[in-house]
Amino acid sequence: MNSSYKSLKEECYQANMELQAEGLVIHTFGNVSAVDRDKGVMAIKPSGVPYKDLKSQDIVVVDFDNNIVEGRLRPSSDTKTHNFLYRNWGQIGGIAHTHALYSVAWAQAQRDIPIFGTTHADHLTKDIPCAPPMSDALIAGDYEYNTGMQIMDCFQERNLDPSEVEMILIGNHGPFAWGKDAHKAVYNSIVLETVAHMAFLTLQINPDAPSLKESLIKKHYGRKHGKDAYYGQ
Amino acid sequence: MNSSYKSLKEECYQANMELQAEGLVIHTFGNVSAVDRDKGVMAIKPSGVPYKDLKSQDIVVVDFDNNIVEGRLRPSSDTKTHNFLYRNWGQIGGIAHTHALYSVAWAQAQRDIPIFGTTHADHLTKDIPCAPPMSDALIAGDYEYNTGMQIMDCFQERNLDPSEVEMILIGNHGPFAWGKDAHKAVYNSIVLETVAHMAFLTLQINPDAPSLKESLIKKHYGRKHGKDAYYGQ
Amino acid sequence: MNSSYKSLKEECYQANMELQAEGLVIHTFGNVSAVDRDKGVMAIKPSGVPYKDLKSQDIVVVDFDNNIVEGRLRPSSDTKTHNFLYRNWGQIGGIAHTHALYSVAWAQAQRDIPIFGTTHADHLTKDIPCAPPMSDALIAGDYEYNTGMQIMDCFQERNLDPSEVEMILIGNHGPFAWGKDAHKAVYNSIVLETVAHMAFLTLQINPDAPSLKESLIKKHYGRKHGKDAYYGQ
Amino acid sequence: MNSSYKSLKEECYQANMELQAEGLVIHTFGNVSAVDRDKGVMAIKPSGVPYKDLKSQDIVVVDFDNNIVEGRLRPSSDTKTHNFLYRNWGQIGGIAHTHALYSVAWAQAQRDIPIFGTTHADHLTKDIPCAPPMSDALIAGDYEYNTGMQIMDCFQERNLDPSEVEMILIGNHGPFAWGKDAHKAVYNSIVLETVAHMAFLTLQINPDAPSLKESLIKKHYGRKHGKDAYYGQ
């Protein structure tokens, strides 16, 4: 079948399968999307389809008003959350949502993940934020749209930059991560789960473990990001 | 060999193997059954057979009085528990029993699993109940039959609906889960183990973690269940 | 090469490989032996050989005085411990020693593993004993021989029967398990690690978790052992 | 392509791949190097290359002044740390750096890993040291060079011998391990992660767990090291 969204759907499909291969999801939980801003569409996992049955052609393409542009299946029930973020944050190209164990545990505990070490600082300079649960009125309204708003509000209140902090926990729910493309969004989901796991263990060993000091945060983040970066090729 | 229970045995066999593939059992522990109400029989794993040696033709078919209808091997020692539940709960089609680590840990701790997040609420709206240990008199009596009664009593006392809460912990023992067929029973066993793991980690991070609020419970359960559900295809 | 110990060596080899496949050992740690009482010998893993390089013909056969009867390699450094147990406990046919994580953790914590649930009671009716560290004099003496003595002393002091309690922790060291043959010794090592893991999690959830009550211990052990057993084929 | 460093690069490549196969790294994290003292060079993983894409010919060869001698890619950003250790500790042949979970957790907790059992004492007789975080001045300076100095300073202050204690934690960062060659460095990284995991669990079970007594430390270390060793072939 011809499709003008073939490579977008393939990118989205591969990223969804990577999510599962990395052990971040069970059953049908979780979803990854990829955006094509020139065409004004995003591709996302269909709702409730097990990863083992998922095929590239099952990926659903929707426009920014959540209308289906291509695909026989219903898109993820979290589609409006993804679209909200794409519309408000022009620089991101992919979004991933999981129910990974340690990320969810911190979200259920309603706690930010403190920056304890260089694994964390290699990727972001702030604690990983945990947005508070939504108000009852917003839950009763357009829930998935409001989840996107909840994420953006949290970033605005804390003065965080979504280009630098590419991940968040939704209180009582779980993690969202994003990046320049769908693969990077999954990459960041793995970083988040790893950092969540390390921080969990750290507090078990030393409940008074101090945050990483500012000089080390700057050094490690700067090795990988910005004009003086010297990590990688 | 001809068998009028071939598809029932195959459903039961596949579900048992899935139990092992998902890492919920070791050695010969655990068992899954599937019922055929029209024929008045259920199929169940034979007692004490390692999963790696299990074949579809080894599955034992028994009637609702626990008489063997087909099969050369003895059925699971938990057969009467399964049969008790099939006889009393007309709507269920499959039952799974495991010794999965986190589920067993909560059972041994004699604690209900609190509803802390949306992963839980996507599947049920209540804490996962932990039935108290049986009285000495009942243990000395028809133990496996009484285990079924213990499950039903717990649901009646707490006014729980087995169509909505498809899982329970038996204090000091472990989990039982059920569903419309054997596959769904295994699916629910995985949900239970995942939720048990998440709740365990949540309390380690924040011993005072609050339960999920009612509006979020209703929203998430309603996304997947009932007339207004919009999750899945 | 002809060998009158071929099947004994093969049993020992297979059990050692099973130990690794089950994830109970890393590097060269751990060892399994099998005894042939008619021939007055036991077969054991050679010392310090990685599992990935181990072959059936590498297995070393020694007599009850620890003399090599067949084999080009040095036997496990724990050989005297195994021989001590074979000589004193006439009914056992195989022994396994591992450095499995949860078993070692309880040994390092110098704590018996409390009997919290039916997974434990399906296999033994007592807490899993943790022998105290050896006296300095015994450590300076024939250490591996004395480790065997330490195990036997612990069983005698506590009036335990090695036919019923087929496992022990050596304080600060790790677990030994045994059984009617080498495969059963590995089986019991897995049971021990699983029960150690479950008990660990149980105490994290509920530090005051009570021991399993006597009636349930008897019921579950009796389902699998003794004249009224009805588990298995 | 001809290379006079072919076997050195192959040793380095194999050790890096082993690091990943053992689950000690995710993404591009971690690196292993191997030294050839006769040729005055070391081989190391290129910076930021995912393990699944890594090939033997990608390995970078640098001299002791960190100049690239062979290789089209940039060497690991930690190259100067490796070189510092090779220059100061003439007896070591390989170095491995990971972000393994339990090792990092102890580093983030800024705690030495206490010697609790024989798994630890089989490899070293001291607590595994955790070096304090670097001063701001040193962080702002030649960071990776100073990390090497930080390791050496910690060993000198505590009077530790790098031939006996072949591993360290850098506070808030993670583990470095070394050995006679690159394979042994990876071997020691696995030992460190295993011992870190065991010690973590031990303290959860018994926060007052005592250190291993001196006689057992000497006995177990002596079984494997020194003139009276009798472990292995």
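Read from first to last, the chains carry the letters A, B, C and D; within each, the first residue is number 1.
The rule is short, and it goes like this: a contact is a pair of C-beta atoms (placed from the backbone, for glycine too) under 8 Å apart; a residue touches a chain by one contact, two chains touch by 3 or more.
What you see is a predicted model, and the numbers here were worked out from it, not measured in a lab.
Undergrad: In terms of residue numbering, is the interface formed by subunit A and subunit B classified as same (over half shared) or different (under half shared)?
TA: different
Undergrad: What's the distance between the Cα centroids of subunit B and subunit D, rounded to whole Å?
TA: 46
Undergrad: Can you give the whole-Å distance between the Cα centres of subunit A and subunit D?
TA: Here the centre of subunit D sits 33 Å away from the centre of subunit A.
Undergrad: So which bits of subunit C are touching at least two other chains?
TA: Counting only residues that touch two or more other chains, subunit C contributes 204.
Undergrad: Name the touching chain pairs, would you?
TA: A-B, A-D, B-C, C-D
Undergrad: Show which residues of subunit A lie in contact with subunit B when the two form their complex.
TA: Those in contact with subunit B are residues 26-29, 46-49, 73-74, 77, 99, 101-102, 104-111, 133-134, 136, 139-140, 143, 172-174, 200, 203-204.
Undergrad: Under the touch definition given earlier, write down the residues of subunit A that touch subunit D in their complex.
TA: Residue list for subunit A touching subunit D: 116-119, 187, 190-191, 194, 197-199, 201-202, 204-206, 209-210, 212-213, 215-216, 219, 223, 230-233.
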